[in-house]
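Provided herewith is a single structure, encoded as structure tokens, for subsequent inquiry.
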Amino acid sequence: MTPSIDAYRHVRDATLRLVDGLGDADMTPQSAEFASPAKWHLAHTTWFFEQFVLAAHGTGYRRFDERFGFLFNSYYNAVGARHERPRRGLLTRPTLQDVLAYRAHVDHAMADFLGARVPSEVGDLVELGLHHEQQHQELILTDLLHLFAQNPLRPGVRATLPAVPTDASPAPAWIEFEGGNIEVGHGGLGFAFDNEGPRHVVALRSFRLASRPVTNREWLAFVEAGGYADPQLWLSDGWDTVQAQRWQAPLYWETADDGTRLQMTLGGLLPLALDAPVSHVSFFEADAYARWAGKRLPTEFEWELAARDLPIEGGFVEQGAGRPRPASSGSGLSQMFGDVWEWTASPYVAYPGFRTAPGAVGEYNGKFMNGQYVLRGGSCASPRSHLRATYRNFFQPGQRWQFSGLRLAEDA
Amino acid sequence: MTPSIDAYRHVRDATLRLVDGLGDADMTPQSAEFASPAKWHLAHTTWFFEQFVLAAHGTGYRRFDERFGFLFNSYYNAVGARHERPRRGLLTRPTLQDVLAYRAHVDHAMADFLGARVPSEVGDLVELGLHHEQQHQELILTDLLHLFAQNPLRPGVRATLPAVPTDASPAPAWIEFEGGNIEVGHGGLGFAFDNEGPRHVVALRSFRLASRPVTNREWLAFVEAGGYADPQLWLSDGWDTVQAQRWQAPLYWETADDGTRLQMTLGGLLPLALDAPVSHVSFFEADAYARWAGKRLPTEFEWELAARDLPIEGGFVEQGAGRPRPASSGSGLSQMFGDVWEWTASPYVAYPGFRTAPGAVGEYNGKFMNGQYVLRGGSCASPRSHLRATYRNFFQPGQRWQFSGLRLAEDA
Amino acid sequence: MTPSIDAYRHVRDATLRLVDGLGDADMTPQSAEFASPAKWHLAHTTWFFEQFVLAAHGTGYRRFDERFGFLFNSYYNAVGARHERPRRGLLTRPTLQDVLAYRAHVDHAMADFLGARVPSEVGDLVELGLHHEQQHQELILTDLLHLFAQNPLRPGVRATLPAVPTDASPAPAWIEFEGGNIEVGHGGLGFAFDNEGPRHVVALRSFRLASRPVTNREWLAFVEAGGYADPQLWLSDGWDTVQAQRWQAPLYWETADDGTRLQMTLGGLLPLALDAPVSHVSFFEADAYARWAGKRLPTEFEWELAARDLPIEGGFVEQGAGRPRPASSGSGLSQMFGDVWEWTASPYVAYPGFRTAPGAVGEYNGKFMNGQYVLRGGSCASPRSHLRATYRNFFQPGQRWQFSGLRLAEDA
Amino acid sequence: MTPSIDAYRHVRDATLRLVDGLGDADMTPQSAEFASPAKWHLAHTTWFFEQFVLAAHGTGYRRFDERFGFLFNSYYNAVGARHERPRRGLLTRPTLQDVLAYRAHVDHAMADFLGARVPSEVGDLVELGLHHEQQHQELILTDLLHLFAQNPLRPGVRATLPAVPTDASPAPAWIEFEGGNIEVGHGGLGFAFDNEGPRHVVALRSFRLASRPVTNREWLAFVEAGGYADPQLWLSDGWDTVQAQRWQAPLYWETADDGTRLQMTLGGLLPLALDAPVSHVSFFEADAYARWAGKRLPTEFEWELAARDLPIEGGFVEQGAGRPRPASSGSGLSQMFGDVWEWTASPYVAYPGFRTAPGAVGEYNGKFMNGQYVLRGGSCASPRSHLRATYRNFFQPGQRWQFSGLRLAEDA
């Protein structure tokens, strides 16, 4: 469905608010191959509209700079050569001012474009571009956090973060779900990515889900029980990663000289919030923790069955928390959306009957269906309007710079 | 079920016949981290019986050499430290004679052991050891082939191979299978690995399978159509691998100065058998080929449904072909077993309810359930008695030194 | 000798003029492990005075920020831990403004310090600090050039560069020098680095030096004659480097679609100045060129003998050329100083009797006396007042991001 | 000078005696890129005569196997393509029997060739081939030692080694030499490699040399004083190597569970001979030790001046010791030849006026004149007849798998 100009502006403006107060230098370096500079994100999301909407379907559109297609294409082989990913942090030019001008140029043209009649399939591309931009909003935050965490000064991306409640979480309840032949995947109205369909039937067995995600306090017990030192708990590739990367705790955990546990956050180095959901753990860690706890990770379909009738509630980027917040007390499932993405046991593969779209847009999701696991839900860095029960996020099992946590499951 | 002494000897003797005519030097170097020296395989399979049967359950057993536990443990963390895998090719000592003496020592003790009453759970370990040895029989051949293929002289592991029929294969027929709730996994009598269970229900849609695997002739058309040069056909990780490894054809394909297509085989460099199944392709290649052909790979459950009532027929190691042979004509599914392993679209994950066994033997399969894909069937290097419809072989998607091919599927 | 406040300010101000017009973002990323961000250079040179002068010898000096010692120590093991070199480009904080404030803080304290009586050995440290800063002035330019050259837009560090004369250089004359027992090394008044002494005698044979450096035009003939494709011309390590790095021309040479030869310069991508000295060549390339030309590189002592009575003349950073300029016509040696550093055949080793100073300052030069070659003269990025005939610059034989060229020699 | 048939046979037979008692498997793997399999050495030295003498200058010579030129060329670009060095350990074929037959074939042809009139320049090639073979004799031993040292069983290349005297060495005497203009390099009769000339004059200052090499006992004091943990003692590249390789002692030193110091030798793991010269140390270690001891390494010319009138005495391969032996008591310089090669402070560069020979043989020495240091003397693995006072051995400063030690020097 073609978004309105207001909807377009709403998403685009939200992107800029994320980098409010940061300078060009903050937004230029690249701290790891998997991360990108914030300035690059600002430009790449703009290029998406320029390339797939304005240049392809606009009338008389003039590109802001012919060379930006090369610089800001991320991975679309079908639209030509591109700058090498690991070198994104060397683009001191264009400057931030140039990139903001690029955004204004494209936004101006998009306003004109959306003001006229837009064919439905092109409107779908605009909608895709906005959801794409929301994905990059989350990456802007997680990539900035990663960059700032490399700095020995541990500066905050934001000057302060709201406090986090410190009431101890009660033990989770176990909510049971009955198995059977269940329909999963997106099938109704509203936007969904191609990888959420086709809707199809899976055979599930009965299972139970924990009412809330695993907390930092629980994870600390795992650390102190030697969880990172016992190969019997780990997948073989996970154990290799633990040793190669010398993991001893989640990413961003630190220990002060006096033994206090700290965590690098968007607000800098803060005391670890023990009752908040653990975040910045990899699939390998989540899987090992579940084994240690005598439980398992849910499959993505178990998760979807549990979530399908729930409202989209939790801590999102709009609330500005900047980090996961503890579960509110309650008897049912809490925090299924927001706060932390939840690793599932499901490899990221195509649903039966899945076909990639022809052309460059077909490269959006399908070609990444290898070597990754599905995460469900959403996080404190996700826009609330971006999420739904059928949403499939995915990352490699060793990645942990996202706000990724876990919720335990068990057989009924 | 406890194997008889004869059954034990039958498997153990078959291992030695594979290296008949080879010298100690042929069996010592390691050509890649994923491969092992044949001498190492001879010793490791022996260590399995020594470690898990004789030392654990025998009476008064005396180890052949206390230091061999360190040298010949493959990956069992629970039984202590071990020699680093990439350094297996530096073990010029023990000599082949020493290793043969080790085998004789253990075989002698096993004969005594099996001659007495064996508790059922220990008998199961002996049976596991024999199936384990059969797996290594296949690896001995594929690892020797890889080693000999690195030699610019392209020597044959065997002096000669039987000729391969050259009748052109007809186009495959498409055999349809009806979907529904299907029981999969091992559930009956007889040996199976832990990863083949628990038996459970999956919901399948109707589909069709090709009557035979893809042939070298068909693959050559893919090569000549530029299949290795078009990123649109490949998964993203696959395309990265194509470029990094400069793949342009299956492993072991070569082109003579006069343009003749050749293939390195266990019998040395021979003309490519155009109507034999393509082998030594990776999952990435199989997946790209299927996309190019407008088809897809079957899931492991589709494959199992199709295979579950078929006899175990095809080209196996016992027949001594040494390479895949063309399909015999016939109207139904052919070569579901033997000749080439068939890549499926299924990531290698645990079946619902799967639990690893406690202790070292629990490391056998479970800890590898990440980043690999299931292959089904069997190959010309597999012992026939080792195979069954529920058997799950698995390798990383970029590996191709096994006799791995593919069979196409499509939605009904 | 203790420098005056004016001398101190003169050098310090010159540093800031080099980055005039650049933003924080331009000065933050690190384009290679061997290069450093300009912002880092600004801070490191300041830290040198803070650490070795003010903190060690000042009264009541208060450090600007206690954490900067960790961030801006380059390689002095004796003064504690330091930030890892390859991660210098991730320091978005401190900002450029912070670093400029740091400079002002230290400059203010230094003015006070120099206004009082300074013990002679501390005055020597101040002088060392200024020469150190001049070395970093050159690195600021060469590191910025490297960074900007990685940008597909090829932006100029400066908006424009002065034009370069295009008169064809005549063939060089060959100037003869008589051998014998020659005194080399620094031995008189005035500042010199420790590695320039002790003055000592070497036995030289008679030789001839070319009157000017090799030009781009001459180097182009080498390229077109296949110099980069003939292993017989190269040292073994050089040939390995040519192949690994795929060198086909000096660093920063490019070829336009129409065949025009271009060069990335501080002013962006410009037509190659054919009669200017070739620059940005490695020792390996210089050595191979000399072999191809039937000549050889001079030793550092031959060069010093030829230069010892010459005025310090040539193109320096003060003249703002920004790139090497062609030789002015004349009958004698020209451009011995300035324009391009000249690779010599001499490995960088200690002179007889050399001893490193005790403490951290002793790490300045001595510990690098391995695996490098001496360059003599100076370049268009060197401050004129920094140079002298005994000066020993040194880099690894594969490095070529400096303004490094060569002058040929032959036996008499 | 053309060697006699007897001289030829004498050297060739000595090679085979070195591998007496070893099997094909012992001689096939490659334990590091810098080392080669013994079988490869046997073949390569043979290829040298086939390629440069018989094929180039023989009449009607028929190559044993046309493909061996590709397999056994080491690094001569001028005679065509060659097998990649890191893959030498995968050549299980040709077998040892094949290689011995190759040696017999070439030796037979060489006997015929040397029985007829040989032009003087071809005779010089034969002589070069024999000195070349002697160099490889030493490498056969050091490469076998390295391979066997990788084996956790620490087998001996030889069944036993003669005992080493255990009398404590007295402190070394310091022998003084007067400086001046000294002629160095080979200039008289007899064979020398091209890199030993031209003979030329160097200006030396007066100096003193220790009467014997540094011993294991002395080195142990350096280890126990924390020599491997103090960066102030090391060249920067040396310190990087210490940390990257985790060096804590010379190569092949081990410590038993009870604290006993052991050393892996050609006879297996033996107690460290405290009064024997330290061996298997790198230039970086030798340099750091000398700094710690308040001395320095001699230059190669200081060494040559001290050695030029001495007889070639010491422990050599002919005596079969298999490891360095302690100095015999005596008042003058001892062990200048034999037992251990002595690192000098001199980078390996060309002497003034050095020119490489045209053609492939010119690649013998000249192209390696970068990044290495000169060692002088000879070792317990060197043939005595191979050594002389002007001989320049050379290795990279981080290499230590040779029998390399050091002798201290100081200024007079």
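Going by the order they are written in, the chains are A, B, C and D; count residues from 1 in each one.
As a working rule, a contact is a pair of C-beta atoms (placed from the backbone, for glycine too) under 8 Å apart; a residue touches a chain by one contact, two chains touch by 3 or more.
Keep in mind that this is a model prediction, so the values were computed, not measured.
Participant: Go through the assembly and pull out the chains touching chain B as well as chain D.
Facilitator: none
Participant: Quick one: point me to the chain whose Cα centre is farthest from that of chain B.
Facilitator: C
Participant: Counting shared numbers against all numbers at the contact of chain A and chain B, is it over half, same, or under half, different?
Facilitator: Same, since over half the interface numbering is common to both chains.
Participant: So what's the Cα centroid distance for chain A and chain B, whole Å?
Facilitator: 38
Participant: Using mean CA coordinates as chain centres, what's the chain B-chain C distance in Å?
Facilitator: Those two chain centres are 59 Å apart.
Participant: By residue number and range, which residues of chain D touch two or more other chains?
Facilitator: Where chain D is concerned, no single residue meets two or more other chains.
Participant: Draw the chains as dots and join the ones that touch; what shape do you get: line, ring, star, complete or other?
Facilitator: ring
Participant: Could you please write down every pair of chains that are in touch?
Facilitator: A-B, A-C, B-D, C-D
Participant: Inside the complex, what are the residues of chain B that reach chain D?
Facilitator: 23-29, 31, 39, 67, 70-71, 83, 87, 89-96, 147-148, 150-153, 155
Participant: Please output the residues of chain A touching chain B within their complex, sorted ascending.
Facilitator: 75, 77-78, 181, 200-203, 205, 231-232, 234-239, 284, 345-347, 349-350, 352-353, 363, 367-371, 397, 411
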